[in-house]
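In what follows, chain A forms one complex with chain B and a second complex with chain C.
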Partner chain A sequence: MSTIVNNRLIIQPVTRIEGHAKISIHLDDAGEVKSAQFHITEFRGFEKLVEGRPFAEMPGIMSRVCGICPVSHILASSKAGDMLLGVEIPPAAEKQRRLVNYAQVLQSHALSFFHLSSPDLLLGMDAPAEKRNIFGLLESDPEFLRRGIRLRQFGQRIIEIAGGKSVHPACSGPGGVHARFNIAQRDEILSWIPEALGSVAVALDRLKSLLDGFASEIAHMGNFPSMFLGTVTADGGLEFYDGKLRLVDETGNAVAENLDPREYFKYLGEAAEDYTFVKFPYYRPVGYPNGYYRVGPLARLNAAKFAGTERAGREMREFKQRGSSNGSGAVCESFHYHLARVIEMLFAVERIEELMHSPELYEDKIHANASLNRREGVGSCEAPRGTLFHHYWVDENGLITKADLLIATGQNNQAMNRTVDQAAREFLKRIPPGTQPDEGILNRIEAAIRCYDPCLSCSTHALGQMPLVVEWIAPDGEVVGRTSRASPSS
Partner chain B sequence: MKQIRPRLATAWLAGCSGCHMSFLDLDERLIDLAGLVDVCYTPIADIKEFPEHVDIALVEGAVANEDNLREIRLIRQRSRVLIAFGDCAVTGNVTALRNLFTVEDILNRAYRDADIVVGVPTANGGNGIIPRLLDRVRRIHDVVPVDYFLPGCPPSADNIFAFISDLLAGRAPGSEGRKFGS
Partner chain C sequence: MRTLLLACGNTLRGDDAAAHAVLALIAPTEYHATRAVQQFTPELAAEVARFSRVVFIDADAESKAVRIEPLNSVPRNLKSLGPALTHTATAEEVVALASALFGFSGQAFVCRIPAQHFDAGEAPAPDVLEFAREAASQIAGLI
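Showing the complex of A and B:
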């Protein structure tokens, strides 16, 4: 177990998240938290390693950024490819891409909620470490776990139907999709819908009934004002595949609307710091570092005005009541990422069912034929963890000369660091000076990070194994000290 | 008294987590598996250190940094049967594409192009928390002896289940006719 040594507490590895990370907390002599940092310690270097390769290979390679949300990378990459070709894809292809994207949101959210976070929620933050996992749930609540496993399976099965396999499917590329969708596939998917709706309802009821018991966690695991970014439809509804971006602040008011995602680089910048391998995206008009924002389920439900489906619409209206100023403001507690995630699962299941009844999905034309027409392309979509952007430049032969990725989890970088800092300050305060924190305290600090469901494989795309460190700040915004890394070697 | 079950561990090094996702695609067979083995270490549980006396270790990912190197050596030392799990572990795969470039090139590309460069992260990490990147990404068997290879990007859930079932039954994986390399 992690212990405080020389005024420093290091939790490693952070578990039940996707990828490699550590948390370090610096204390002063009185035992007060000076700063806390969330370090992502992996890095692979995709932006560099794709140089010189044909753009048509990108969906297949970029899929390997992440085994949890490969479909998001495939879709953002395919859309960047569509732009390089200069085409609008056939309706059947668009519908199928929407289908696999919802399927992926569903399976990824199910993984986060049931497999990774529900041990904290159902067994309790103080449950013994060796029981705090899905195998512990198997003993205490097997039917709940079975529902979660099957809900994830449903999402994975749709991806397998469309793309041949559930992880790294060959489902889409520049110009469209690779296989027609048929009636037998529809019937299989429709046969899952009643159970899926039932399972999401069970998850929603259970989570809501537990919230009162987590008042302290809700108040101290990432509860602060910020901006929130998400993709919305033309009239401001929740959207995952294609739309305009909307940025709101903690009052719920729009900071910017109708932003074209293909021009993201004009209003979103990235800063690099020497103490972390994950960069710091920010909203350019506000600047760095104050222009930080959150993305993902909580941000999407804050940024969108409504859901657009019946059941999720009802839940979203109720959700917005949790916002500040009697519901007119945004929901600022990162703990509510969990609830937002379950509501999005409901939305995804409803949309999947709707798509099954869309005649366009079954049309024969699934690919727009064209050759290279442009030298620069951008693709974006909502990945489970937030807005995702792929940006490629190619030479006259279609070989990549430069690639930029702006990844969902990376955009939560500042928020995650603030969250670790806030949680460390609150929960370490509860131990007497000079004593060691118990398992439950340590787990709460990790659980604060699990709210974001960070995907470190993704966020460290930029360069393979990315260690990311951040230290943060007192609640009043004061930077309480930054641990400098060794100076750059080159 | 509970019967002693074989101890199964899963770990990830440098990869995308996709092989672990395929492992989770065992779906309800996970429940069966939990009855057959004691899952004593996995990233989806909270045990922080790779334990001793592991019978079967499935290791995803390539060896790309010093943390990976330390971990794979520890895993080898503490595991009876070590399986290179998926293509990054077996061949280096996409993780090893960075071997076409130097670490400095990759770092420069990622950080010097940022809009605001407060600093460029060093390949050497810093206060000992961030692991140093290795000059070249290695396959697992470049670093420690491997008992079995389970290829695929990722290996399918059916193949994972068949592979583990063979091992638990005391058979050589594939001896019943299933091909794992396809």
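Showing the complex of A and C:
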């Protein structure tokens, strides 16, 4: 639904994202877009809730932050616990954690691409809202949808195999993992690989064939210079589980390299604004607000020098040719989060297959035993939506005295605000001032946000559905229009 | 006929664990398989299609008695289904996807268990467990 009252437009809810959100579009006296803001309107406060809990319980508690990426929270929390124990976990445990992390990225990206964004991409931004969903895809391209559902099922199945269940699995804790991986599990996972590789190839081919038809969206849905942050291997390769952080600018040149994620607080700060519950992380040496950066698939592919697997490596080299400086700079168009996401699915499937052939994965030792050895611990990994940090402080009994979570969607907060502003300015100027924007225009503003696949439940550590509202706001502050529609189930 | 018993609920949400309790009360047979999930999702469609019958079991705050009803009204052309399905799905949507994408042509039922309290808690209330026992008995008769 959308309405306009005295120069203020409200779009509510923003759909096909995870959580609750609102977009406010401020108009000037001429009725043109003056600015636009993306608000996160839910609050839960997980960091306060966990105070007093034993640190060993944290992975289980933190997995409840999100039903889409619980594994990411479990792994970051487990790694913070490893640091509190002062241990290096056994190779089998590390391999198993890597496995579930690849599976997590695969299933989450499959959900984002096939379920949430493909309706826009395959059916068109102007398709009727009642058709622009996976049931619309079912009518237009059932084989594509079948592949998407199966691909996500594959990722979920791996998590279930390793963690006992696909949502909120109990797979990892401080010191290691909870169960050995076995040959029967390997054989089941390997049986999925050919189909998974085929499905990602279909998705890649289809998406690349569609890009020419979205030139306007690519140019105006978050196309701006920024820095990009991602975890990389020691030699700069794409990495999801453990490594150093690399920050590059829009030219593709490194702003900072070999950053220790356990010291993120030394170089990443968090600012607050009064219109949203989500904080605004920034790179301290540059300061706020100019020190903002993007994370997630687009940022990871910009930050890494290469993928390190055959198929994804080939796609990543081609991807980098889309860079802003005649193929040598970073890819700055947020629309290409979609393409980066599919390339990362390919990378994840290839890495999963590699892991199945790693003898270390099947070793007996899966846990390093120790008691509390530190009072402060940090864990980080690459979640589907970007770099995730868990930072805990404990007392002498191992009880949490303070916790800080730096979430991927939060780190994209400023970029998402810029994206909404850019999209609103471009697409709303195509209609006469004061008139009601049509569904296609409103959907483009929403779709600009969906490029980031934001998980607002994660970023506010909140629970529930994620409808979004867009409001038009007049110069005097009065809400003059509002759009909302049925929210998705969560 | 091989049946999939699909239980939905959060075991940390009091009466919401009723469906999980039902599965625990049904003795294994060669005629059925069980699956316990926290929510129904589109991915279950592929799994449902491997069976000739599926029973969705869920706690229901609006039910007064245990009910097992066929999902005869599933719109096979999907046009009347909800427009905003994302990572979760209703039983009807799972069956519709199973039919349209994975060739499911079997029977589908939904078993609703009366429940009231969905706050944090590790077990259903005694009266809900009694409903779970009744549901298990009815489902055992079905399979």
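Some notes on this structure:
The rule is simple: the second predicted complex is superposed on the first by the 461 of 490 C-alpha atoms of A that agree within 3 Å, B and C clash if a C-alpha of one lies under 4 Å from a C-alpha of the other, contacts with A are read in each partner's own complex, and residues count from 1 in each chain.
As a working rule, a residue touches a chain if its C-beta (ideal position, glycine included) is under 8 Å from a C-beta of that chain, and two chains touch if they have at least 3 such contacts.
Please read all numbers here as calculations on a predicted model, not as lab measurements.
With the two structures aligned on chain A, chain B clashes with chain C.
By the touch criterion defined above, A:Leu388 reaches neither chain B nor chain C. Looking at the shared chain after the overlay, A:Val65 reaches chain B, while chain C stays out of its contact range.
Put simply, more of the residues of chain A are touched by B, taking chain B and chain C as the two choices.
After overlaying the two complexes on the shared chain, residue contacts for A:Asn133 are found with chain B and with chain C alike. Of the two partner chains, chain B is the only one touched by A:Gly269; chain C is not. When the two complexes are overlaid on their common chain A, residue A:Lys279 makes contact with chain B while staying clear of chain C. In the superposition on chain A, A:His168 contacts both chain B and chain C.
Clashing C-alpha atoms with chain C appear in a single stretch of chain B, chosen from 39-47, 57-65 or 111-119: 39-47. Shared interface residues of chain A (contacting chain B in one complex, chain C in the other): 15-16, 18, 67-68, 111, 115-116, 129-130, 132-135, 138, 142, 145-146, 149-150, 152-153, 156, 165-168, 485-490.
Chain C makes touch with chain A in their complex at residues 36-39, 41-43, 45-47, 78-79, 81-90, 97, 100-102.
The residues of chain A lying in touch with chain B in their complex are 1-2, 10, 12-13, 15-16, 18-20, 22, 24, 39, 41-45, 47-49, 61, 64-68, 70, 111, 115-116, 129-130, 132-135, 138, 142, 145-146, 149-150, 152-153, 156, 165-168, 269-277, 279, 284, 288, 443, 455, 457, 462-469, 483-490.
Residue ranges of chain A in contact with chain C, taken from their complex: 15-16, 18, 67-68, 111, 115-116, 129-130, 132-135, 138-139, 142, 145-146, 149-150, 152-153, 156, 165-168, 485-490. The residues of chain B lying in touch with chain A in their complex are 12, 14-22, 24-25, 27-28, 30-31, 34, 39, 42-48, 64-65, 67-68, 93-95, 97-98, 100-101, 104-112, 114-127, 129-131, 133, 137, 153-154, 156-157.
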